[in-house]
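In the two assemblies presented below, chain A is common to both, partnered first by chain B and then by chain C.
On to the complex of A and B.
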């Protein structure tokens, strides 16, 4: 039943077929489509002539422009390194004091440091460096291993409890779990430590408990945290008398710290970041605390 | 369902289901505590449930075989129900996972609901669950109508439909348990992949045999596209999923492809899944439901030929544009890029052919939300194929790659094209299939249209903005030639767009829910009394008898 008809709307002939009511017009392919087809093919042809495109057994057509992405990347890396070399050399060679005194260099440090910190440090310490539970605040001027660019750079390089051969080692033993202290002693010393930053909790009711805690502290904890409990940056022992806490300063968390111990982990950045990057970060982190007293 | 089958066919169906149940028991036994064991139980339950359906009507009266001169529509009806169920599921997961990007706590600290597991559940749910069921259901309808032939099988259409859905269930439940091959859009593990091969071969044979039975001299365009979809998806699926399982008792497998070859095979698969699953199959829908709904002849048969062969040929080469600026050799990237640009012409030729078909029916586009769904789908098809070719150009890709622009592009295609053409087709198909004069509520179709359009536009504009901002932030340098922003800065900048995207997706989901309700009410209840309305009309009665023998 091939009956060719004329479609009244377009005036075109149909192909003469019909499928469940569907017909097709025999309209020729519009010229615009053909020209567009030619144009895209010409573009492709040009691209093939100029750039690497077609495989030829074990090699491929190289193209007249002799461009290859690997070479392009290498050239760009060289150019970028060259463009950075002025200030990069200055940072590599100058001392921290010299850099800090150089306003122009410090501007570079702050800009570059922002991106380095965001991509490497912010996951734990937060994009503003204020840390969060279990991760130290870097803006509070309270340092476990000492502040200042030199100390910070050292911490960045070797890490804490990291796999670096010269890693800083910080071990808060698990006094409760390993039965160095019994439950009563843990509670006593925790109450004492808690009272250092919360003097109002030291009341006539529990003065006995605090006193007993202080004795435990002097025999067990003072070796690292000091008799005055102000800590020791040589061994990374935190000051327990200020109100800056990594794991939390409420009584319950203090008990948990004494019972189960704490072995925080700061990775070594020695292999991942360049010496200059570490210097920039050290200065940047140092400046965070100064800007937010 | 079962009442349409003869007792011999019922027995055959029961045998298949018993074999499947035994397979499930074997998987459960071999897998034990492994996720494979859980999947064995799921296979057992699935086949058991179907077996119950078969056995409960096992001794019913045999069907009147003279009715077998009519079209076989039961599998299509079930297919439409499954399509809508998967649409709501897949889009719900999509909204959830989008909200997680703005508010990560919505993962509720559980492993199964983490972003990495929900995301493939969303993509599989919408692409394979919603899209796949829609393609199977409409292909069963279109091939019968345009061939004037009944489906060439009583059991095989059911096998294809339920087999495919079993694959989707294994896929999604696997993701929740943490199973994945880590290949995008090919995440399901080896046993699910093997099962899909069986299902797909049956689908192919069924389709070819139905076409061979046709009583039309020529094969209509829509069937070219459905056939390309079935054939090429089989090829892609098999090649990309060749893998060696750790053991027959484990769900885990390792792909045979390695390194950059693996990446290339994956994106040859991934890109052609877009081409032959999400484009060819849905173009088939367009070629049938558009002229039916508009009541207009296709604008140009010659343009149909040009676009069909252009699309099937050029798409095959274009996959490497997903790997610009990677370890893939430069020449492979350039080859993919140039073919992507040449691909634009046949893509636009299809879109143009469809829009020009509407000449003489534009007043219907204005009044009929169903036809408007189809028209808008064509526009989004044209838009996203242009965008695809544009993003395949290497320097453009250096800005867009790895950003939300890609996500926006995919959703312009998925929401604007794939889902809209499906809804337009379903609103045309459902009243015909259930012998209703029209949908239960034309108003709700209108509401759905505007929800879908608003949702798509909000989504796509949010992702365009966010993607371009991301791309620019990642390549902004300071005066000192170092990066100006950290990755984290770009994430913070995305926040408002992520909220907008989740909202756009929510509107689209609401639209799908409205559609499900409307379809349900159309099936259950018709405004007119149905008593005297005989199933007349050329579409419903016995197959027309004035037969022309196939020409080829």
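On to the complex of A and C.
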């Protein structure tokens, strides 16, 4: 059946297939391609010896180079930690005041802090730290739990209403929903609180309302927010006399806050970030407000 | 002689098709099959928790909405990933994932360690409209999750199906599936206690979407997102990652 036929033009053998008088040549694989193929096979043989390759039942050949992805990444992490150990040790051991005084170290803190802030905090507080509705602005110097790196580091570590056993607890009760105040009282106290930052709303028309609201405030709200409504950082009660609002300072939002209460949540970072990272972030967040007064 | 064999083979269509399939499956056989017998493939850890019925329901919603198309759940053994997200993923963490949701595309960030990173409230706000909390986000809004009541009556069957493929749910868990799903989203009710009893003290019982009167799909999805990376502490042990192991008392 095999017919050896040579194509007269190229001198190559044909496959013996013929279509309308055209015959297919049986051209061999070019030498260059063949050599490359052989080289890749030899390379594979070498690689089998050097890298983890062959399964052997419940284990496998580990290879002469002893390469393991997990070991590699862990070595890189150790090397990275060593590379930044000079300033990392300084941050770990020095006090906040000492670090703040060291301009060189603060430069590193701002660079690293910006990175850490972007990865961990920006989702709620915004990449500029200015917060937004429901999440506090960190640049306004108006602190719920106290400013300064020590207090900020503490808030970062334990969180607010978080799963941490020593979490800061901030509970604005739902005065309306839980019927501690009736509708009129909620309206009165909201009008009073609103008038604190918007004195122009205190008109002869509603002076009675504001006055009644102040009385409700003194008996119900002053325990946390203080008689002067300037808040209390011991319990995270916000100052109601400035124009910085977490949830909003319009009358409608104030009524909603009094009616339904507020339980803000700041996660604990104790388990996610190292002590040094928390220190860097505390200094970085503290510096945000100082730079944007 | 060799040439004759090939000529013969390529002229029988069925035989040649079988030969092609055999050649094409070599890759799969040498790369995948040995993993079933090698001991190191899946690590052995003793603190691996099971998904609760509510988390499992949330996982189904994650699949239904196609979250895996943009979010991976696999931190690779690369320094930049470990620095950003936390310890690299272990095989054992997906031990009870049927199907696994490692994903291969990151339009959004990796979610393997997102559990506990943000508050429930943030997740609800973010799923309702991502732009409200992350102005530069291009994630779609999933508003309907908070409106849709979660279908809970068939959760026992879901658990049973998972057991059929090897997840060690007990008869008690299957029997109480719907009750536990309700309990996990309803703290301070008699149903809440059973959840931690059956699934471990570390199970997060919370009014995930802030509404305790009914259990919505939002509750389920947030419960699932909050458990990602928290089923076992194994990834935090023996690693050079900067993070510390979660404190069980927290």
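In the analysis below, the second predicted complex is superposed on the first by the 253 of 293 C-alpha atoms of A that agree within 3 Å, B and C clash if a C-alpha of one lies under 4 Å from a C-alpha of the other, contacts with A are read in each partner's own complex, and residues count from 1 in each chain.
Going forward, a contact is a pair of C-beta atoms (placed from the backbone, for glycine too) under 8 Å apart; a residue touches a chain by one contact, two chains touch by 3 or more.
It should be emphasised that the depicted structure is a prediction, and the values quoted were computed from it without experimental measurement.
With both structures placed on the common chain, the touch criterion links A:241 to neither chain B nor chain C. Touch criterion met: A:135 reaches chain C, while chain B stays clear of it.
More residues of chain A are in touch with B than with the other of chain B and chain C.
Shared-chain residue A:253: touches no atom of chain B or chain C.
In the superposition on chain A, A:233 makes contact with neither chain B nor chain C. When the two complexes are overlaid on their common chain A, residue A:100 makes contact with neither chain B nor chain C. When both complexes are overlaid on chain A, the residue A:271 reaches chain C alone and has no touch with chain B. In the superposition on chain A, A:197 makes contact with neither chain B nor chain C.
Shared-chain residue A:80: touches chain B and chain C both. Contacts of A:55 after superposition on the shared chain: both chain B and chain C are touched.
Common to the chain B and chain C interfaces on chain A are residues 55, 60, 69-70, 80, 119, 122, 127. Of all residues in chain A, those touching chain B in their complex are 1-2, 7, 9-10, 14-15, 17, 19-30, 33, 36-37, 40-41, 43-44, 47-48, 51-55, 60-61, 67-70, 80, 83-84, 87, 108, 111-112, 114-119, 122, 127.
In the complex of the two chains, the chain B residues touching chain A come out as 145-146, 148, 216-218, 220-221, 288, 291-292, 296-304, 306, 325, 329-331, 333-335, 337-339, 341-342, 344-345, 348-349, 352, 359-360, 478, 480-489, 492, 538-539, 546, 548.
Residues of chain A touching chain C in their complex: 55, 57-60, 69-70, 72-78, 80-81, 119-120, 122-124, 126-127, 132-135, 162-165, 264-268, 270-274, 277.
Across the complex, chain C meets chain A through its residues 30, 33-34, 37-40, 77-79, 82-84, 86, 88, 116-122, 125-126, 132-136, 204, 239-247, 249-250.
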